[in-house]
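Working notes, beginning with the structure itself.
Per-chain residue numbering starts at 1, and chain names A, B, C and D are given in the order in which the chains are listed.
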Amino acid sequence: MMLPELRETVSRLHAELVRYNLVAWTAGNVSGRDPGGELFVIKPSGVSYDELTPESMVVCDLDGNLVEGDYAPSSDTAAHAYTYRNMPEVNGVVHTHSTYASAWAARGEPIPCVLTAMADEFGGEIPVGPFALIGNDDIGKGIVATLGGHRSPAVLMQNHGVFTIGDSPKAAVKAAVMCEDVARTVHVSRQLGDPLPIPQADIDRLYDRYQNVYGQRSTL
Amino acid sequence: MMLPELRETVSRLHAELVRYNLVAWTAGNVSGRDPGGELFVIKPSGVSYDELTPESMVVCDLDGNLVEGDYAPSSDTAAHAYTYRNMPEVNGVVHTHSTYASAWAARGEPIPCVLTAMADEFGGEIPVGPFALIGNDDIGKGIVATLGGHRSPAVLMQNHGVFTIGDSPKAAVKAAVMCEDVARTVHVSRQLGDPLPIPQADIDRLYDRYQNVYGQRSTL
Amino acid sequence: MMLPELRETVSRLHAELVRYNLVAWTAGNVSGRDPGGELFVIKPSGVSYDELTPESMVVCDLDGNLVEGDYAPSSDTAAHAYTYRNMPEVNGVVHTHSTYASAWAARGEPIPCVLTAMADEFGGEIPVGPFALIGNDDIGKGIVATLGGHRSPAVLMQNHGVFTIGDSPKAAVKAAVMCEDVARTVHVSRQLGDPLPIPQADIDRLYDRYQNVYGQRSTL
Amino acid sequence: MMLPELRETVSRLHAELVRYNLVAWTAGNVSGRDPGGELFVIKPSGVSYDELTPESMVVCDLDGNLVEGDYAPSSDTAAHAYTYRNMPEVNGVVHTHSTYASAWAARGEPIPCVLTAMADEFGGEIPVGPFALIGNDDIGKGIVATLGGHRSPAVLMQNHGVFTIGDSPKAAVKAAVMCEDVARTVHVSRQLGDPLPIPQADIDRLYDRYQNVYGQRSTL
């Protein structure tokens, strides 16, 4: 079986989507690219999170074609594949319909950067990508075009949900978790008034520090 | 004991109502019809979800009469029975008072289709059925009359809660889970402004694709 | 040890407060009266829910004096005791600061009866009791004076939280669970408009039916 | 290994942050000071809550320098250290970005004392501290300057999150749990109108009683 470690990692990371309540039924998926390679591992379509195993994961090439697996790949595979083809530094992609992030996406409204944790992780607002239908490369193009112009590893696809990227599947899952967390906090804050802005220079300082200093060097 | 597999399926599916926080105490129920048959299995009345077993499930005929079981059937049995009698393609019915869906129901307001996931599963708005009292066929008539005119497998019964249907008990449970999920997301989105509409032609394309392409053919 | 079965019941029912997220830290308690007797069992003060056992429960008389137990009784014991002294049909009392019910209580606003489930369980609105300080019988008097004039087994004590009563500890816990459930649903409904009223005659019909017909006769 | 009991306590208390949904990913930390001593134990930076053990905890001196440990200390260590240096009665500090408290913090708005549970634990409103960047003593100074003038063991740091203090790590964790609980309840109450104020004299009575009477003397 190809890519056994990556299958194990991607399978296991789906449990984080469940733990943080980012997904209902089977509506969310994680993929991971073999670093430097031409293949990625992704969730099979329509399979429940309880039933995921390393063996049930699916291997695809960068055009989204099935290379190895007993199941059909996620219906979002084309968007993952397009992202990997066009963003060589990306080795992990996550898609969810998490509640608060999708609520901003349904209004087509970016999440303003009014929390230091948001400056740390996203370096500014979380942007909105275009409305796009599933079935071709339109979603992938929207992801890449939007994230290309932002520090944010998360994009809110209009009327749809969230895609996040990272240099590993774990980093993309972290971005998905933090995206919903800040989407919720900023939403709640806005319900009773206007959150105070953070000056751009301070956002820049926070982002720079977090990307370069935070955490154990060996574990990120 | 009659219908042992269906008893097992219906008993087990109640755990999904608990997992997705769709029910409090004993206020929600799943039933499943023997495909092509004249019997259905339903939750016993007033029994907690922890105590449900295949053996404690109740078998009723399509008039809602008890056929086999040690307990009285759910107090919502008449509504399930009426639905099966009048919708021969339906083999699963679920009823909940899930929070966000019931909140729309209390205002008598349909949930607008502003999410692609909603277009996929519901094919448009989730409609509202009439206010109806328990105790005769009024609730069942409201369900059938409302769902007869919509693609949606879910109906918000005014001031009451949700009924969902499916060609299997699992499909009806999925509809109940997704109904609450989109009810919550659209609610949250509307709290801070107006969600952007999705053009009807795009809703139609999404619905058609999802109903015909998504998932593993063998597992749905 | 006195009242071993009641100790077991009351200890175990605290887990329902935790399961339904009605309590934070140690802020909530259940008591049960020995039917026809002069004693009740209540949570010890300041002990975490994880550590509760039948043995750690405390037995008090109807004046709230400690009769048996290694711990001090709950700081809310006087309110429980006053309720038992003045409502002989009550054999269970529950107190929580559950979020949505306490939010209505902080505004001093009763929860209007706009859900059939609320008509079933509460027979109308959930009323507000007076602001009262802990330390004497003022809270107990507020509970008894308010519930004496209502069908509702739950009262929202102004700026404080919820007290519920029942003919058993389990019934009082059920009322606390359902109170928070309807407090949340009606809150959410009101956030986006006005819920539709239910005519009083229909509330009466629902309440009468639920109190007399619902559930397994042997299990309530 | 130094301070084995304190390592065990601090490690274990992080599970309460997870249980009460106060933290996402690794964004929250607990520390505890050796009473009367010059050392404190704190969470390692960027390590997930699942992986915390007494052995992975880090020991620092009151200037925030690493004294013992295999990992780098939390990136918030300077704020903890400053608090211990300047508040000798404090032996526990907790930091979270819990949703509702951080939402008030993002607006720079203190939480008004409109719940008796809030009068008990916080003795009045929960105050707001200044906006401050990480990287020097600014956050610590803001914590100490704000809490020095209040009864509250919790401070909302503007656009950031919550810091709480206590005479033990457990007391600081309790304050963090209660802070989010009241932040949520007051937020929800305010969504539909104005909560009723509690007279200052009653707040004083409640606070005095709770600090001096509540709980088992031996377990707090």
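Assume a contact is a pair of C-beta atoms (placed from the backbone, for glycine too) under 8 Å apart; a residue touches a chain by one contact, two chains touch by 3 or more.
These numbers were taken from a predicted model, which means no experiment stands behind them.
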### Query
Where chain A and chain D touch, do the two copies share over half of their residue numbers, giving same, or under half, giving different?
different
### Message
If you average the CA coordinates per chain, which chain's centre is most distant from that of chain A?
### Response
C
### Message
For chain A versus chain C, what separation do you get between their C-alpha means, in angstrom?
### Response
44
### Chain centre separation in whole Å, for chain D relative to chain C (CA means)
31
## Note on the structure
Residues of chain D that touch two or more other chains sit at 191
### Task
Just spell out which pairs of chains touch, all of them.
A-B, A-D, B-C, C-D
### Query
Which positions of chain B touch chain C when the two form their complex?
24-27, 44-47, 71-72, 75, 97, 99-100, 102-104, 106-109, 131, 133-135, 158-161, 187, 190-191
### Query
Residues of chain D touching chain C in their complex?
20, 114-117, 174, 177-178, 181, 184-186, 188-189, 191-196, 198, 202, 205-206, 209, 213-216, 219-220
